[in-house]
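Report on one structure; see the data block that follows.
Lettered A, B, C, D, E and F in written order, each chain numbered from 1.
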Amino acid sequence: MTFKLAASPHTHNRRTTQQVMRWVYLALIPGVLIQTYFFGFGVYVQILLALVTAWLSEAAVMHLRNRPVRHAWQDHTAIVTAVLLAIAIPALAPWWIIVIGTLFAIVVVKHIYGGVGQNLFNPAMAGYVLLLISFPVQLTSWPLPTELAQLPLPFADTLSIIFTGFTQAGHSLEQLRIGVDGITMATPLDSLRHDLSQSLTLSESLAKPIFGSLGGIGWAWVNVGFLLGGLILLKQRIISWHIPGGVLVGLLVPAAIYWLFNPDQAITPLLHALSGATMLGAFFIATDPVTAATSNKGRWVFGLLIGGLIFVIRTWGGYPDAVAFAVLLANMTVPVIDKYTQPIAYGHGGRP
Amino acid sequence: MSQTTSVYKELAWQGLWKNNAGLVQLLGLCPLLAVTSNITNGLGLGLATLLVLIGSNITVSLIRKYVPNEIRIPVFVMVIATFVTVVQLLINAYLFTLYQALGIFIPLIVTNCLIIGRAEAYASKNSWHHSAFDGLMMGLGFTLVLVILGGIREILGNGTLFDGADLLLGDWATSLRIDVFSVDYPLLLAILPPGAFIVMGFIIAGKNWLDNYRAARAKQPQKQVTRARVTAQ
Amino acid sequence: MIVTSMQRNGFILAAFALIATLLVVGISKLTEGPIARQQEQELLRVLNQIILPELHDNDLYQSCTLVQHPELGQGKRRAYRAQRDGKPTAIAVEVTAPNGYSGAIHLLVAVHTDGTVAGVRTLAHQETPGLGDKIELRVSDWITNFNGQRVNDADDPRWAVKRYGGMFDQFTGATITPQAVVQAVKRAVLVVTTQQQHWHAAPANCYSQHSEVTP
Amino acid sequence: MSIATKEIEAGRIWDFPGGIHPPEHKHRSNQTPIAQLSLAETFVIPIKQHTGAPGDIIVAVGDHVVGGQPLTDAGLNNGLPVHAPTSGTITAIGPGRIAHPSGLPDTVITLTADGRDEQVTMPPITDFHERGRSELLDRIKQAGIAGLGGAGFPTAQKFALQRPLDYLIINGVECEPYITADDRLMREHAQTIIDGIEILLHLAGCQKAMLAIEANKPEAIAQFESLLPHHPAISLRVVPVKYPSGGEKQLIQLVTGRQVPSRGLPLDVGLVVQNVGTAYAVARAVLAGEPLIQRVVTVTGDHVERPGNYWVRIGTPVAELLHQCGFNPGPQQRVIMGGPMMGFTLPDLTVPVVKITNCILVPSYAELPPPAAEMNCIRCGACADVCPAQLLPQQLQWLAKAKDYDGLEKQNLFDCIECGACAFVCPSEIPLVHYYRKAKAEVRQLAREKMKSEVARERFEARQIRLEREKQERLERHRRAAEARKKAQAEAVAKGADDPQDAIQAAIARAKARKAAQAAAAAAKQSDDESNV
Amino acid sequence: MGDYLLLLVATVLVNNFVLVKFLGLCPFMGVSNKLETAIGMSAATTFVLTLASVCSYLVNQYLLVPFGLTALQTLTFILVIAVVVQFTEMVVHKTSPTLYRLLGIYLPLITTNCAVLGVALLNINEQHNFIQSIVYGFGAAVGFSLVLILFSALRERLAAADVPVPFKGAAVAMVTAGLMSLAFMGFSGLVAVA
Amino acid sequence: MSLITALIILGVLALIFGIILGFAAVRFHVESDPIVEQIDALLPQTQCGQCGYPGCRPYAEAIANGEEINKCPPGGETTIKNLSELLGVEAKPLDAAHGAESVKKVAVIREDECIGCTKCIQACPVDAILGAAKHMHTVIAHECTGCDLCVEPCPVDCIDMVPVPVRPDNWQWDLQQIPIRVVE
């Protein structure tokens, strides 16, 4: 009689990569729902476009590399990448924006490195930065939160504007973005940064209609949604608290200090926490295990670095929201962080 | 005679493809990546490099016997610097617009690693005519890469080809300009620094792919190297 | 041994240095003329674009004088004075917009004696190709929008891009560059209108101290 | 007494990083007392069942032996004898399957039992307190005792070095799922184990022993709690339930807070660790003179009808053991020697039970499904979180794949205790431990090759020098010999003697013919230049 | 003081020599296979770059400018640099074999690193004074070292990655450099450099 | 710019530099590089000559002079990798023209066929064959490097190259290509 040979251990606790990824995109749901509520059905359309592109491009890469095409979708990581990229770009951006971004993320940033687990940079964020740099106009043209919009935007119009650039009635995106005061409205962070650089004070800037009591209308709640999702991930032990903790501390502590010294000229910590992609970044993006540091100490350093970079770029840099850049910059340092935060192995003089 | 032709053939093969300065040796990358936002710039820099390369190779080959080892590098770089300055002055005098386009990179050809690299690796060991040919082929291979890279980046980032060729080649070249496509929003990234790196990565990969493909196709019987005997048989 | 090595190396290196120097200096002498001509032509080309031929009968290139004014940027600037029948008609002056998107933008601004803009050209800049480079005439004719405009006073609100309530178009996605240019041109116009008499009277002194190779 | 020592004395339990909590499955086999397995017909006794060199075989095929009779000599260094498990005839000595994951053969002695089960023992030593260390150590060695806890290190040798020791630690943790051999042994033979510990304490020359038991064995704990008050030198330590708290290094950390230095020994921090089974075996060897010919083995898993613990003679083929316990193999059956975390699968059932076999596990497919296809590591860090050695398993795995041996050393590959915790939690189901084992084997192989190439170089250079010298000598000799030979030849031919070269010529001719045939055959495929040799 | 700090930050991050200014790319690609060698190269480059900055400033300020020989700048600078490098190499080789093992093989490479001449020329272009020249040279070197070290650590991680065959080696390294450069664009506009 | 000043200044500068370098060249002169030793230490010392050089050391010298590092089949991938790290050059795949990396082998003489001609002894670079003229020869297995140089000279063809046997203690844990396979 012969038997099967296998390596020990012969047992396994069955939480597979698919399950991990499934938790991630399930945890995104609260945030996405809120985002849809404020910015319209465009969010869904973008997600759908991203998923289709991601799937097709993964399949194509697998085919080109003579690998079984069905492997492409197996681990569900592409879903996470696609969804994250889709919710990072403005809901009404033209269809080719998300297609180019996803293609770049999946093909160049992920598969040139050999696919899942081997990429050095966060695919979704690299895709986002590519878009931001190449198409700054489209990437900063966020639709107005529903409450402020002058024109209603039913689903058919959403589709029409994403695919043709105009609503059925012939309004362009630019026209849709005209707010109550008759000028195009920027996102809260953008507007703040601009105003502050024009020597307006914080309170003057906050008087604009895009701000509510918590922060930018819509944006604050979207952030709360993602915070909720992040807590679910923490609870499920999909992510450890070190990275999100590091990001928030690295962003909010300097922000608070800076604000204490320049109360008129600086964004408040609360605004920092609840605008832009702060929460999405802290809980879903910075935590991408593949491109983050691995030891707990390393995760702390990594998170702090991201938070600090977000603060620096938001405050002095050329871009209103800096999560993507901060994440990519921190990705670059991961091998070095890993190297210098390696835990002291048993028997090498560390104290228990 | 046949032997010399084969030397030239080998040099051409090495310079243009097998050991291409830009794609394989990864030399001269700085100007290569920096100025290739369009074909015209690429071509211009390529030709300038070509000129300097031939000149420096010949000179280095001629003087190689008279230079002691310890001052080899200073002498070589000086020779190259002289050539560059001369070429720079000539371009400045007769191709002023190109001079503006290539800017700071003309003086930097001096330390273009390709040039000192060839001086060290080839010209300092070979006769002047072989060195000259080596310079020509390496330079052409380098120019080829510059042009391809410039072309791809120009198409992606600008939607055109040979935009501004008149600056380099004279007014007749205006007609060379091709509008490949025209969209309102070209892929700006391609002409920014990251695009340069990424497109270059794809070109290198393309070359590797071609090589692999040809190797797989060819599968010619492997030549066998005779074993040396260490001991008596 | 040390001494021979030192002597040998020293002499060989020196010999090569001498030959190299000889070559460089020789060629630079040879090309001196053409290069100067090139530069002159380039400038003239630009000058002649913005100061129409009927406005002057003097040699614009030679009429250059060095001027200095904080509003124009640090250091000495060149000003070219156009005269017709001995009467001043216009001045073209170099000005730097220090606040471009990626650094300083160097401009040449020509102003008629009556204060209207004769023309503006970009001499050098590092703005992003495709975004900020529309200030080049080669890329876009935006820069000609200045022609004929005048500045009413230092607070003239029209001298800004449209987004800030002015009269000049911004480029989609790049407001910083045009705004910087607009402001620089405005400053130049203001300076020229106040200083022009003074400048017209100044001696032509641009190219005397700059001749590079003296035999 | 330093603070740390005070804390140890006070019974403080430290913690070690990482660790996992796999399902225990212990109840299945620990409900019934240890049963005696009936004798098998044939026994297969590998001559090497411990860490170290095998002893010299001192029996021959056809010899009749009785149970307890040594079959090999202890040899000089770290050899250890093996004993006949029962009386019978030696029927074969030669290569055979051994209990090793490779399934490769090694020298085994096959014994056909005669069913009479005659035994010999050595004279009991009851007054061990009065005996010298060396005498006791020799007894333990002659009894063939190797650690029964896993590594099979000769027990006597652990005490051979006379270094001052602080504590003797007795490992009754048994943290691996399914296995209950030590648990049952502790419940049923607590007193013998205590005797064994007393002997070991005497040998170790230290004052205190600590017996560590995992908290999930209340009966065993109760047994000792009632007995230990009479033995003040031995104290009980109940350690939390966590795998791998039974690992030597982890246990040391748990009960003393100390860490064994990398590549060092427990001895370096003044400790020695022994398994409870070893203590039992020592007690039997000293007090009753019994050599190590049987041990407790847990037989468990879905596919065995009568799970439980059995006294099994060493050398019993696994087939026999399973047969007696009611084995009904399922599809894709695996038979694991050891537990689910550290055990290895057996290639077939002729493999015998050896001194370190503590468990035979025959799981059903559903019980321990084989690993799914390996996926790429997503660097989730779960493995690093559970690694008790504080390594970075995913990093090690990358480096192992890249064959970056320097990197592996820097990442302390050799500090990995192969506990399998990392692979247990890995969501990508990477057989991490396997990579490490392979890499470790490769590193060792490289080291061997390096040494070999050093030797080769020396030999080559020596040869070159010799050749040079010989050449000089030959030139000289030739000149002189040439004349002598000429003369001799002339004389021989004159006598008409047979040419002694004939036999050789014939052999050469044969070879040539064969070569020609080969060449022809080769030429059919591809022309070669065999003929010009 | 603050100005110098700003200049330093700007040179290291915003106008990073390698990723933004495209200088010193060949050693960036060539000696980034291993972290250790990258660290060696960084140390060597920092030393030479700062020294070259100083020497070229002195030569320019006290020889070339006073005698009106600015047309010979390139020639002179390159000579100075080559000699400085060669001399350093010889001295290190003799005096410290360990240091030589670390730096030695990179020193000759540095002569041909265009960042060195770049620094010398840019210093003049931007009319830096003596201290600014030192800061600029040092900053450029730190920027170079920073990205080189990060890059080589990234490349070490690539060693075991299942990169598609045509992309193995230089190609994927180029793409990585591209993505690094993409990330560095985040710094643009950080410090307004006139 | 005066030609004369230019010539003087640069000439003097270069003269001084040259003198400095000439001084340094002698003052800081270092004896030959130990690089050959280092390379040699990485080669497998099989002395088989497959690289085209008579022995490992000559090949090491050749590498130090710029020869390719991928010509030693016995060393295979590992040696190439080590060399590439030592020399800071790119690792290339083994040059197939020199043969392929194969399993480690050891020579075995079929002793009953051996005629004792001593030809193999002469061929063995590491003296791994024992025997006297006209007596049966044997290979000292643990000294044999597996170079197979003794195979050709044997007139009766009685030397076989057999793979080094795998024993439990040098086994490479390669039983299992994951996933599991059935072993007979």
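Operating definition for what follows: contacts are C-beta pairs under 8 Å (C-beta built on N, C-alpha and C of every residue); 3 or more make two chains touch, one makes a residue touch a chain.
All of these numbers come straight from a predicted model, not from anything done at the bench.
Note on connectivity: the fewest chain-to-chain touch steps from chain D to chain E number 1. Between B-C and D-F, more contacting C-beta pairs join the chains of D-F. Averaging C-alpha coordinates per chain places the centre of chain A 41 Å away from that of chain B.
For this pair, chain A with chain C, the centres built from the Cα atoms lie 45 Å apart. Between chain C and chain D, the centres computed from C-alpha atoms are 85 Å apart. Averaged C-alpha coordinates put the centre of chain C at 66 Å from the centre of chain F. Shared contact sites, meaning residues of chain B that touch two or more other chains, fall at 68, 70-71, 74, 78, 81-82, 85, 188-189, 192, 194, 198, 201. Residue positions of chain C with contacts to 2 or more other chains are 5, 8-9, 12-13, 16-17, 20-21, 24-25, 28, 131, 212-214. Multi-chain contact residues of chain A, defined as those touching 2 or more other chains: 2-7, 108, 112, 114-115, 118, 130, 133, 137. Every residue of chain A that touches chain B in the complex is listed here, in rising order: 100, 108, 112, 130, 133-135, 137-138.
Within the complex formed with chain A, the residues of chain E that make contact are 35, 149-150, 153-154, 156-158, 161-164, 167, 172, 175-176, 179-180, 182-191.
On chain E, the positions that touch chain F within their shared complex are 31, 33-34, 37, 59, 63, 67-72, 75-76, 79-80, 83, 86-87, 90-91, 93-95, 105, 169.
By the touch criterion stated above, chain A contacts chain D in their complex at residues 1-13, 15-17, 19-20, 74-75, 77, 114-118, 240, 289-292, 294-296, 299, 338, 342-350, 352. Those residues of chain D that touch chain F in the complex are listed here as 98, 100-104, 106, 347, 370-371, 373-374, 403, 431, 434, 437-438, 441-442, 444-446, 448-449, 452-457, 459-460, 462-463, 503-504, 507-508, 510-511, 514-515, 533.
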